[in-house]
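See below for the structure under consideration.
Chain nomenclature is as follows: A, B, C, D, E and F, assigned in order of appearance, with residue numbering initiated at 1 for each chain independently.
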Amino acid sequence: MYFHDKRLQYPVRVETPDPLFARQLQQAIGGVEGEIRVCLQYFFQAWGARGPDTKYRDMLLHTATEEIGHIEMLATAVALNLDKAPLSLQESTAAANPVVNAVMGGERPRHVVEGMLQRHLLSTGLAAMPTNADGVPFDCSHVYASGNLAADMYANVTAEATGRTLAVRLFNAAHDPGMKDMLSFLIARDTMHQQQWLAAIEELGGAAALPIPDSFDQGQERGEFSYVFFGTEVGGALPPDGRHTQGPSLDGKGSFSTMQNTPMGEEPVLGPAREGSGAQARQIGKPAAG
Amino acid sequence: MYFHDKRLQYPVRVETPDPLFARQLQQAIGGVEGEIRVCLQYFFQAWGARGPDTKYRDMLLHTATEEIGHIEMLATAVALNLDKAPLSLQESTAAANPVVNAVMGGERPRHVVEGMLQRHLLSTGLAAMPTNADGVPFDCSHVYASGNLAADMYANVTAEATGRTLAVRLFNAAHDPGMKDMLSFLIARDTMHQQQWLAAIEELGGAAALPIPDSFDQGQERGEFSYVFFGTEVGGALPPDGRHTQGPSLDGKGSFSTMQNTPMGEEPVLGPAREGSGAQARQIGKPAAG
Amino acid sequence: MYFHDKRLQYPVRVETPDPLFARQLQQAIGGVEGEIRVCLQYFFQAWGARGPDTKYRDMLLHTATEEIGHIEMLATAVALNLDKAPLSLQESTAAANPVVNAVMGGERPRHVVEGMLQRHLLSTGLAAMPTNADGVPFDCSHVYASGNLAADMYANVTAEATGRTLAVRLFNAAHDPGMKDMLSFLIARDTMHQQQWLAAIEELGGAAALPIPDSFDQGQERGEFSYVFFGTEVGGALPPDGRHTQGPSLDGKGSFSTMQNTPMGEEPVLGPAREGSGAQARQIGKPAAG
Amino acid sequence: MYFHDKRLQYPVRVETPDPLFARQLQQAIGGVEGEIRVCLQYFFQAWGARGPDTKYRDMLLHTATEEIGHIEMLATAVALNLDKAPLSLQESTAAANPVVNAVMGGERPRHVVEGMLQRHLLSTGLAAMPTNADGVPFDCSHVYASGNLAADMYANVTAEATGRTLAVRLFNAAHDPGMKDMLSFLIARDTMHQQQWLAAIEELGGAAALPIPDSFDQGQERGEFSYVFFGTEVGGALPPDGRHTQGPSLDGKGSFSTMQNTPMGEEPVLGPAREGSGAQARQIGKPAAG
Amino acid sequence: MYFHDKRLQYPVRVETPDPLFARQLQQAIGGVEGEIRVCLQYFFQAWGARGPDTKYRDMLLHTATEEIGHIEMLATAVALNLDKAPLSLQESTAAANPVVNAVMGGERPRHVVEGMLQRHLLSTGLAAMPTNADGVPFDCSHVYASGNLAADMYANVTAEATGRTLAVRLFNAAHDPGMKDMLSFLIARDTMHQQQWLAAIEELGGAAALPIPDSFDQGQERGEFSYVFFGTEVGGALPPDGRHTQGPSLDGKGSFSTMQNTPMGEEPVLGPAREGSGAQARQIGKPAAG
Amino acid sequence: MYFHDKRLQYPVRVETPDPLFARQLQQAIGGVEGEIRVCLQYFFQAWGARGPDTKYRDMLLHTATEEIGHIEMLATAVALNLDKAPLSLQESTAAANPVVNAVMGGERPRHVVEGMLQRHLLSTGLAAMPTNADGVPFDCSHVYASGNLAADMYANVTAEATGRTLAVRLFNAAHDPGMKDMLSFLIARDTMHQQQWLAAIEELGGAAALPIPDSFDQGQERGEFSYVFFGTEVGGALPPDGRHTQGPSLDGKGSFSTMQNTPMGEEPVLGPAREGSGAQARQIGKPAAG
């Protein structure tokens, strides 16, 4: 179960509110690289963790709980950036007037309204919402919790790698010192979170835990195709040699090689459509019903 | 651009059609762990690949093209498994009759209809569709192509790890020898694809390419928080020590430590709601309009 | 604007309620082949109709309004089919008892609950909802209203063709005489609606209105590719000759021919990733930032 | 920011695991009446709360934080109910054998697999996921946070009313005493949460805060239509008299009356389609381009 | 069943077409606060209404039918606002020229194209579509029809409260007198619709019908938690006293009190992963398969 | 199975990169009128084709494979149009400076950032993604493959008609000669694809294959309603006479006529809500539980 403290994990300050930056920050809230995703992903992995010890369940609960606080920081930042957004087209046009501009910080011509997420104006009363930067709501199918610990740890590294990439892009796009400071903190936490899931992979055996899942008897897979790169270039050209075309595989259980892809199966022929299946009569092999 | 061969990459045979297994196979077509996802993911990564050499673009195109053939194999398998599905409730009830059962292979009582994806009957005429095993259409937000090569390679390992986990589960659930054979091939290919993206990560520098993105000057992040595990247990308990709590970090750029999470920010206070923003009068600090 | 009559357009009677048939009927309400779709599609086409006369706007309003009544009939049919659905697993198990079965019509073993849409039990109190037969909510992106009258009429033929196919499948799956009667009416209306949109296409000029849109000067398209079937079979095999490979095209503006697809473009090379874009340093062509 | 305790808010025990009940419980996790929804809804309302005092922000944070623990309880309950689910069709068929049944608790015939959410088997390794009982992922567009405090409080009453209705249905469907006990607790909390948002509405002024938003000058609305029930029955029949047809309105600002709906506007005529807009030539009023 | 009149319920006039206002109006068509939602919500509630009298079914049919006409008015308004939208970037740039501006009303610089919903240009031929103001299609999961009359009436109050809030925001954002007039009518109707559902709640018993559903025996809920506000502040601080912390509850069936949340359950321990479940070998407690 | 050639089907060149045009091109990639849709639609139709000959399966495979190359061309065009997009608000503002403008081609004021799809900047590193022009991800429910060959061919004509309409709109909106050239090629291919599916319809029997499905015995439909246009205008006005109101029907199986719609059914009365169904006590006809 859970508790809260009304204060934020790290300070959130905005000197020059910018409704477009509010829009961009939404990607870090409700985008697939964002904080709702990692928060729910770590929680669902923890709540479904099976196995002889509870170590990874524990680790996941700590970090999932930290992530709620990150959503909170970003939602606060969105609201602060929307503080002076124009509520109407007139206000926006007025803002193009230099005098008004001076009052508002000099950066609010009409196209501000046009670049905003309209739902920031129309649906939220100038606050954050659980959507991405183009207004698409977060959809929980992005919560990866497969029941396989190693697969999940790679999913978590991926989430934090795309998450840190996003945070860096936001840092580069930002012009407000408060926003840059907040993002420098979130980037640091993404660094740690990448590291901790990679540490978990190492602890789970690293290469020895491959291929994922390592509980499947490889004797039952068609082993002659398990370490072969298939080429599909129509003329038979293969990609330049690399780590994946020769030498031992990374799981230490095979050797890489290459091969041009070629059909081993036949042209598939499905049975005719059946009476009563709603196909055209021709597909069933009978005259039209009339 | 692209070419096709009418034959399948690997044989697809079904001896005892099973409409429920047809449903389960849908997860490997239109589920988030499925083949449409990896196919489109590798294509979009290839088509957007930027950088001084085209090596990874090449590798991605080869494997993306192979994956189209995997969707084709699975779609064929779904159609073959639906060949004898009952088209009506009567037919299903009739099938519970032992005589009819004998004709149909002995396994079609009425609840077969109930376990099926209804759209297999109603919308496709007994064929595959781009949905998962519970009927949810594939949604292309799952195509991860971040523009950061290392993040994308981890996303690809994740996709193939969850993909192989799924294929193993389908192998275990299957009872038809043709289906087991097809899956033993797809499992082998998932093994290779896991390996090749891990090989690419090694080639990209492995630990040296961390943290992702490695193009961001870490001097700009709040480094004191970059290698610290934050605990959120209300009593201050931390998870058991592990690779992630002490010793050098995996990128070789810091040392792990732990710390209890504590508020560094203040309670946020947003400005009052603005006149004309549609809030209640009380939120604006004025009397109701009446 | 609109009016209602509390009575139904056509009688809806259910003698033997069947919760699984309730599920199947959902496809005709909230499936992509269903009535919500055609209703909204015809309304949005009508409301956005531009052109010198209002004839098609009129036709669309009539039929869109009729379709509301079809959703109503189907929603009523779903509720009637759910009248005796088991509310609990115990009730379902009890129903497997022959005595209870006799009372309930003899067809309610436990797996009835298992085949039902769970939301019929849990979310609606035994009534219809705007989802398809696998529980996926209708999504209004399926409302095709392109602003091009000919394209829209073909979209309408498609909607009624898939709609009649669905209604036929439901008719074949049904065992209740009331349901068969209702569906025989809906099938007749789908026949008419197919016909009326085809009549509109003929009236709009038929072949003379092709290609759609016919307002684009074909002199601006690369005409040498406008009537050529491109083959992509890797060995150069083309499909068997047919109406589409030779002779005059259907718009009377060209002659069909065939050609093997071949690259006319070059391998694309995108610029390198830019400084500050969040890519790996390697993609930007600089050393890692460290 | 947030903290956790590894223990659950209330005990979760399952004596007889039932994979179908696991499916039904999903509605309370990822359904629109479920706990993810209220949790995120209260958080986003809190994080965007504007106004002179922070009282409602506080209240929302307390209850949002409690709701995380409810998702956790339900996710635990789903995993426990899946503990003995058949992993394969063979296992399921075997379970129909009375001897195996005795071992497994006597309730696992094959159709158990058919009634399950297939992703419980294929995607999660027998654990909860953020979807509803028919497998549709939770979509955050259901997080209502309008920026208007009174509207949000009504949204919260609605969420808790549909939530308690769902919990009651699950209680009635359940057969396991542990599950009934857990649900009796969740129902009690839904009772309280309904009550507290109703208390907030009373505190915000009750009828005096109507109509919502009360910050809009009603002199600007077409007041002659503000308290009139419009009838649309084609013959002019109105619904039976009731509280809404006569007497003072509930906001005390008008008197109810009734009126048959009648067109006050004209038939709309849009301009013709424009050159270059992709319409058919006929819609633009020019000959086809040829 | 249903009928139509080609004329609009209320006049829709646009003097100065504004493509951005067309975008904003989309929220009132296909947003979650919009008219498609209330229209379908009232219809599905009516079509599924169960109970001894048909009074509320009647009321719902009248108002649902009225709402179709509101979608029609708004769709007409969107099309009229798009009448002069630039079809190309050149046209938009040209419009920045004062002479062209004068012709077009002086407000169409290039960024008009940039602020538009691109699908207004590319997909509809300058007409309305069933999406919200950020282009997200309406998704029918927002149609709340729970089968519980009181819960549904609260859902309807919520829908009309957020709907009126939206209409007020659009009124404030509008600059065209025709649009302001149309919105003043829609706001008045939202006032009435709020009132009539509140009247229905009063008629259903008001507090006496609580808690919802009132058909559940409260003796079966854990009554000691039914009227207690749980605090989750980590230091034990409770929110300021209010109507919800003391005194009689609003249903008259209990007394409010407060309590700090504390774990009553234990740390959950799930069983180990099972053989064949696709987990890592370590989770199953066996060596890797190799 | 499939092969690739690294070269493009047709040249893709961009002289003046325009991030807004990149956004518009997204509609042709991930919009419902776009290339992912036709590609997957033709593949799924091919993979599920049933019938005595494989002619249409062949035709579909050829064209589906061609379409992959069209997605590739468009994805390349998007990336090239994003080459110089501003990564930050500062860069955008700087670009408003004439000197910078000259360097960048003179067209990048700040509102360029505002008109862009934010995910082009934040999620892809300046590359294409599988969404439409307003950022909504492609959803595979738009893949129409009904199992009825004639219905599918009409769906394909529709897809190519809306596709060509979109391509024409993009051609008209474009200002870059490379883009106009690419689009002139894609428009030509859309012309051919429209034609070939129309040719298939003719080959399948044209009018003789109607109504779709032609395998249903029309003696089982309520034939008196099969060729009658129903009017719903409240005063009984019918639309102007046309091809659909008199004369032989297009399938040659009936004669068109018209009739005013009128209720043939009764007002539906559902049974009362059941005990335990979660309705209000009043709906069940019992006193509240208290």
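We adopt the following convention: contacts are C-beta pairs under 8 Å (C-beta built on N, C-alpha and C of every residue); 3 or more make two chains touch, one makes a residue touch a chain.
Molecules present, by chain and UniProt name: A, B, C, D, E, F = Catalase.
None of the values given here were measured: they were computed from a predicted structure.
According to the touch definition, list the chains common to the neighbour sets of subunit A (Catalase) and subunit F (Catalase).
Neighbours common to subunit A (Catalase) and subunit F (Catalase) are B, C, D, E.
Please identify each chain that touches subunit D (Catalase) as well as subunit F (Catalase).
Per touch definition, common to subunit D (Catalase) and subunit F (Catalase): A, B, C, E.
Is the number of contacting C-beta pairs greater for A-C or for A-E?
Most contacts of the two pairs: A-E.
Which whole number of Å gives the spacing of the CA centres of subunit B (Catalase) and subunit C (Catalase)?
Spacing between the chain centres: roughly 27 Å.
Please list all residues of subunit B (Catalase) that touch 2 or more other chains.
In subunit B (Catalase), 1-9, 32-33, 47-48, 50, 58, 61-62, 65-66, 69, 76, 79, 87-88, 111, 114-115, 123, 125-127, 131, 134-137, 139, 141, 146-148, 150, 165-166, 168-169, 172, 212-213, 215-216, 218, 232-234, 261, 263, 267-268, 270-271, 273, 276-279 touch at least two other chains.
What topology does the chain contact graph adopt: line, ring, star, complete, or other?
Complete.
Can you check the complex and tell me which residues of subunit D (Catalase) touch subunit B (Catalase)?
Going through subunit D (Catalase), the ones touching subunit B (Catalase) are 1-6, 47-52, 54, 87-90, 110-111, 113-115, 117-119, 121-123, 125, 131, 134-137, 146-150, 204-205, 208-209, 212-218, 253.
Using the touch definition from the top, list the residues of subunit C (Catalase) that touch subunit E (Catalase) in their complex.
1-9, 30, 36, 40, 43-44, 47-48, 50, 58, 61-62, 65-66, 68-69, 71-72, 75-76, 79, 123-131, 137-141, 143, 145-148
Which residues, counting only subunit F (Catalase), touch subunit E (Catalase) once they are in their complex?
Residues of subunit F (Catalase) touching subunit E (Catalase): 18, 20-21, 23-24, 27, 31-33, 111-112, 114-115, 132-136, 166, 169-170, 172-175, 232-235, 261, 263, 267-273, 275, 277-286, 288-290.
Okay, in this complex, where on subunit A (Catalase) does subunit B (Catalase) touch?
3, 5-12, 32-33, 55, 58-59, 61-63, 65-66, 69, 73, 76, 79-80, 83, 87-88, 125-127, 136, 139, 141-142, 144, 146-148, 150-151, 154-155, 157-158, 161-162, 164-165, 168, 171, 184-185, 187-192, 194-196, 198-200, 202-203, 210-213, 215-216, 218, 220-234, 238-240, 242-244, 249-251, 254, 256, 261, 263-268, 270-271, 273-274, 276-279
Under the definition above, what is the set of subunit B (Catalase) residues touching subunit E (Catalase) in their complex?
Touch list, subunit B (Catalase) to subunit E (Catalase): 165-166, 168-169, 172, 234, 276-278.
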